[in-house]
Amino acid sequence: MTQRIPVAILGATGTVGQKLIRLLDQHPWFEIAALTASDASAGRRYGDVVRWRETTPLPDRAAGLEILSSRTPLGHPLAFSALDTQAAADVEPLWAAAGSLVVTNASPFRLEPDVPLVIPEVNADHLGLLPTQRARRGWTGGIVANPNCTTTGLALVLAPLHRRFGVDRLFVSTMQAISGAGWPGVASLDIVGNVVPYIANEEEKVERETRKLLGAFADGAIAEAPAIVSAHTNRVPVIDGHTETVSVGFKTPATPEQVAETLAAWRPDPVIAALPSTPAQPVLVDPRPDRPQPRLDLEAGRGMSVTVGRIRPCPLLQIRLVLLSHNTVRGAAGATIQNAELLVAAGVVSR
Amino acid sequence: MTQRIPVAILGATGTVGQKLIRLLDQHPWFEIAALTASDASAGRRYGDVVRWRETTPLPDRAAGLEILSSRTPLGHPLAFSALDTQAAADVEPLWAAAGSLVVTNASPFRLEPDVPLVIPEVNADHLGLLPTQRARRGWTGGIVANPNCTTTGLALVLAPLHRRFGVDRLFVSTMQAISGAGWPGVASLDIVGNVVPYIANEEEKVERETRKLLGAFADGAIAEAPAIVSAHTNRVPVIDGHTETVSVGFKTPATPEQVAETLAAWRPDPVIAALPSTPAQPVLVDPRPDRPQPRLDLEAGRGMSVTVGRIRPCPLLQIRLVLLSHNTVRGAAGATIQNAELLVAAGVVSR
Amino acid sequence: MTQRIPVAILGATGTVGQKLIRLLDQHPWFEIAALTASDASAGRRYGDVVRWRETTPLPDRAAGLEILSSRTPLGHPLAFSALDTQAAADVEPLWAAAGSLVVTNASPFRLEPDVPLVIPEVNADHLGLLPTQRARRGWTGGIVANPNCTTTGLALVLAPLHRRFGVDRLFVSTMQAISGAGWPGVASLDIVGNVVPYIANEEEKVERETRKLLGAFADGAIAEAPAIVSAHTNRVPVIDGHTETVSVGFKTPATPEQVAETLAAWRPDPVIAALPSTPAQPVLVDPRPDRPQPRLDLEAGRGMSVTVGRIRPCPLLQIRLVLLSHNTVRGAAGATIQNAELLVAAGVVSR
Amino acid sequence: MTQRIPVAILGATGTVGQKLIRLLDQHPWFEIAALTASDASAGRRYGDVVRWRETTPLPDRAAGLEILSSRTPLGHPLAFSALDTQAAADVEPLWAAAGSLVVTNASPFRLEPDVPLVIPEVNADHLGLLPTQRARRGWTGGIVANPNCTTTGLALVLAPLHRRFGVDRLFVSTMQAISGAGWPGVASLDIVGNVVPYIANEEEKVERETRKLLGAFADGAIAEAPAIVSAHTNRVPVIDGHTETVSVGFKTPATPEQVAETLAAWRPDPVIAALPSTPAQPVLVDPRPDRPQPRLDLEAGRGMSVTVGRIRPCPLLQIRLVLLSHNTVRGAAGATIQNAELLVAAGVVSR
């Protein structure tokens, strides 16, 4: 590829927008061509507006860009959306209508029947919804969403197990990092030395998005997986990294050894494996008794691998395990970028 | 009661021992008469040995006591054991044989068939095991245990529901405070900004102790409740207070409203209610969407009430909820004291 | 006192307002008669508006009060102001003009030459500014301020030393709790596992307020103490409790033993000692090498005593020490209440 | 360099030993040839003994090495010591006598008059003590120490200022990370949500080591800098990164602008700059008002640069500032490695 694809980042000043800028810096396929934010920031230099909170310096090129209004689509072939929920609902259709493929981390369209909700290793074939979406909505571009940060790690672990054993029933109780709420997000008075056993709308997202992700694409539509999912979602004082305790029952009985072997042996399809953001192993199995832990295992696969530990029998369903995924990389900005890479590899966006 | 009962505290220098001293200071029924520790500390003044970590000052009377060896039973009618596991296994039988009723927070004897594992509001009738225990072991005293800190909060919430609906299946995932591991306990490098999804032997304790606590006493023995329990136990950076997310299925279907009503209406039997440590309500129901939280709800009922929130349907079993209990009060020192009070009220220990 | 004085709380919904309500519940002298907030909340029931964050339940009486607008003074003899800076600047003069003695935790008027900035144990005589204030401003009421939370603990420790040795030069570096910033205040992403070495305007407040507090009242004015103060203020992930490391030089040389003795022996004047909120000892000296600590020493004197430790020589000035004070009790709501008590005891407000 | 120098790591299982293994993996000049630990671990495979806590995987080569006893010197040209204080006092002389240059992070010999205490950018010329050391002690090897973690960041900032303005008087108050105490180190119950205003012996180390580091080497000895240093050292709940608030007075008056310019312009001598571990800039100046912060600025210069912010006037001395350094990289393992590199570059150890 001699030339990189110019891309826009919608909602570039927030925490996910900043992470996109960091991860896209020196990306082999993409080049940031435009940064958008609310009208209040439009016209100002990005470096003068952003409260940069990444631990690496703000790239000079991004710092020097003039912020554009999210509301004015510019026709870039790819637009990465880090918009908040309401803005995404308003703005993403404008860009899709104007010809951009919008890869989005936002939630408004995730459960629309004609919108692919995609994790490349899990369900790249759901991109098959795009022609329906375009036809139905009259768009020349389109919207492709990645799931909620909590769902992503869970679905990555369930996917290879579902293929082999059939996921039937599922409990998940989460311990989620504060970065999942953005900035300022969770007030420190609410979480230092504390646990908050509630995240608005999160349990519903986990339950519904998981079924869609594990669903089958056929005849131009997704048939949701019939798994019954019960989620408990909690916030804990961790900066990055969602830990999830899971009990799962399968249609075909599975032993802990089979589950461990299936997860450790899982490799993505070659097209997916060749995407720049795809890790060598989507799921790593750690045999140590007290792992995974956010502080130690967060950066596995440059934040794109999920780590699983404590695979053991469940007295109630069949298997218990713990998983950890990086909520702002694999669960947000990295997921969006990987979806964009998939669109290029699939020829939906041309180089 | 014109005179208070002289009691011994075994293992008085650790965190549970310190909490016992704090809670027994000015107790209406009991007076600390002896403090024991390892032979290495015996003969020294308690105030010179203890690394006092309670937030109220060390009571002068306790400070001035000479530490005795845990290994030499002294025949006090009541001995409160805050010993660690190995020491408890060795020492508690000596005291029981010497005529003391040992109320213990330690785990070695909890699952012995002839040892009452008791929460007064839940299963005071299990004290009926004592005659069997004494006969079988040839003790003039005895051992009465309180459950593990995690089990205690759970069993208090399940007990009234079990009576009305019959607990059938149970999934619990915990977020446990570091004080549960004592001092020095969890290294700060392991838990600051982190989650550790493993506590040695904890899941087994929760699963087995819960069934014993909910079991029926008949014909001189306990028939464990047949509930299937699946536990996931985790450590989080919280000082005090275990939070537990629970899904539960009943033999008789129950609605969230029925569960909330049953919990909120639950009052202990009059004899139990009259114990000094029994709170007005063993279980408080908080209707706010983001409660309970350790930082805000820990001290309910002076640490002896469990707070329940988020009572809602479970897609897989029937009911989901969150509970919080004070792990070093209701889950340890307070539980031991309340059991001692029960022994007095029941006439097992005479005033 | 057969009847309690009806008081208003201005800015009752914030964290300091909530703490005032908690501390005034069952106060022997005062009764909450009115709660005010912004116009947006006026007309609604307090219990329906407040996001109550105290660890004891919201008192029923306060919950049932209708919120009034802060902008409409009601003529209560005492008004406790927990307003934020801008609102205080606008609103407090209205109440003072309408005849209320406004005891305020807010900063706008603290350094006005005719406004008493008072800690009762330290400089009750500064109330002598009130006649000047009333005359100059044409108010029938008045404004009496308590200092910034960081200054308060510092001034309490310096006051008895200043009287005996004369504080000359002072270096203070703080580790301040997040509750000092209110709610939502500090974003959790900014402080979990982190230190922020900056608090806007805080160092200036500490330096100037300290000099005014230690100043002498004579001829109707305050002559600021000539001490040179250098402050470094920092935020750390602690919920409540400001820790301050201090080096101090005196006009008259002082040994660590003299400093410890002076602090430990200090007792307030009888009139001040008789105020309900005055602790038995304003300053406690802890000889343990690793004290004071927020988690262990916060509640000394029901949050109204400052704890000092590590009194030792300073190679550069004369004495080094560490102090801890409860920033939302002694440093905010408790300070305001104690000032109101002083006004009653001094006859400025009549019972 | 065609061949790497084989080195031994003494005390390889602790946290500093682990960090050395991580940082030496793929080092261009050094190759780990031996790992030592206590006799209890000797003879076992490193990977079977170590509780590996770095966030990157344990390198295979180190994992496979057999642990040797620290007490048996092996004659490697370079030995990196991560021993604890007592073991270092016992063992390091054995290795030095056996011909190894011991580069050590341990404290026992730091203040010996004939032991170079070195930060390469600051005082590489202090290596001139080695001939004296060897002659006096009859060693063919020697000991070269790096300073305490807290001193290191401070001395790096002071060094260029001392050369230009002459450091005269100094206050420093620290907020130190828990990793400085190793593992298990600080108990979580002591530091979660808390501050501990005491670290044993730390203030003395900072005061004395700073004077030695800034001292002049002449006539075979170090003349300590006459600066008066007053240190307050504190522990805060941060994983890595020591933050220090500093007030400093100079012999030659300096403005904040001059200080900022001096620090930002400072570059090490070419020989030092060429060492693999030397960062491009030893000190970075950040103009943002709320920086540096551990969470955001820790990794500057791969953990080898110190970040300085808030350079402003001091009412008491002349200049106030805040500095942050990575206590386990620049303040421990990285410092030891950089000193070893210096010994190679200086020809003391031959390639």
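Here the chain labels run A, B, C and D in written order, and each chain numbers its own residues starting at 1.
Here is the rule we use: contacts are C-beta pairs under 8 Å (C-beta built on N, C-alpha and C of every residue); 3 or more make two chains touch, one makes a residue touch a chain.
None of the values given here were measured: they were computed from a predicted structure.
Using the contact threshold fixed earlier, the set of chains in contact with both chain B and chain C is A, D.
Ranking all chains by how far their C-alpha centres lie from the centre of chain C, first place goes to A. Chain geometry summary: the mean Cα position of chain B and that of chain D are 47 Å apart. Centroids built from CA atoms put chain B at 42 Å from chain A.
A separation of 41 Å divides the Cα centre of chain A from that of chain D. Among all residues of chain D, those that touch two or more other chains are 53, 190, 192-193, 237-239, 295-296.
Shown here, the protein chains touch in all possible pairs. Against chain B, the residues of chain A that register as touching in their complex are 169-171, 173, 175, 190, 193-198, 207, 228-230, 232, 234, 236-239, 243, 245, 247, 289-296, 309-310, 314-317, 320, 322.
Interface residues of chain C, counted against chain B in their complex, comprise 53, 55-56, 192-193, 239, 295-299.
Here chain D touches chain B in the complex through residues 15, 53, 178-179, 183-193, 237-239, going by the rule given at the top.
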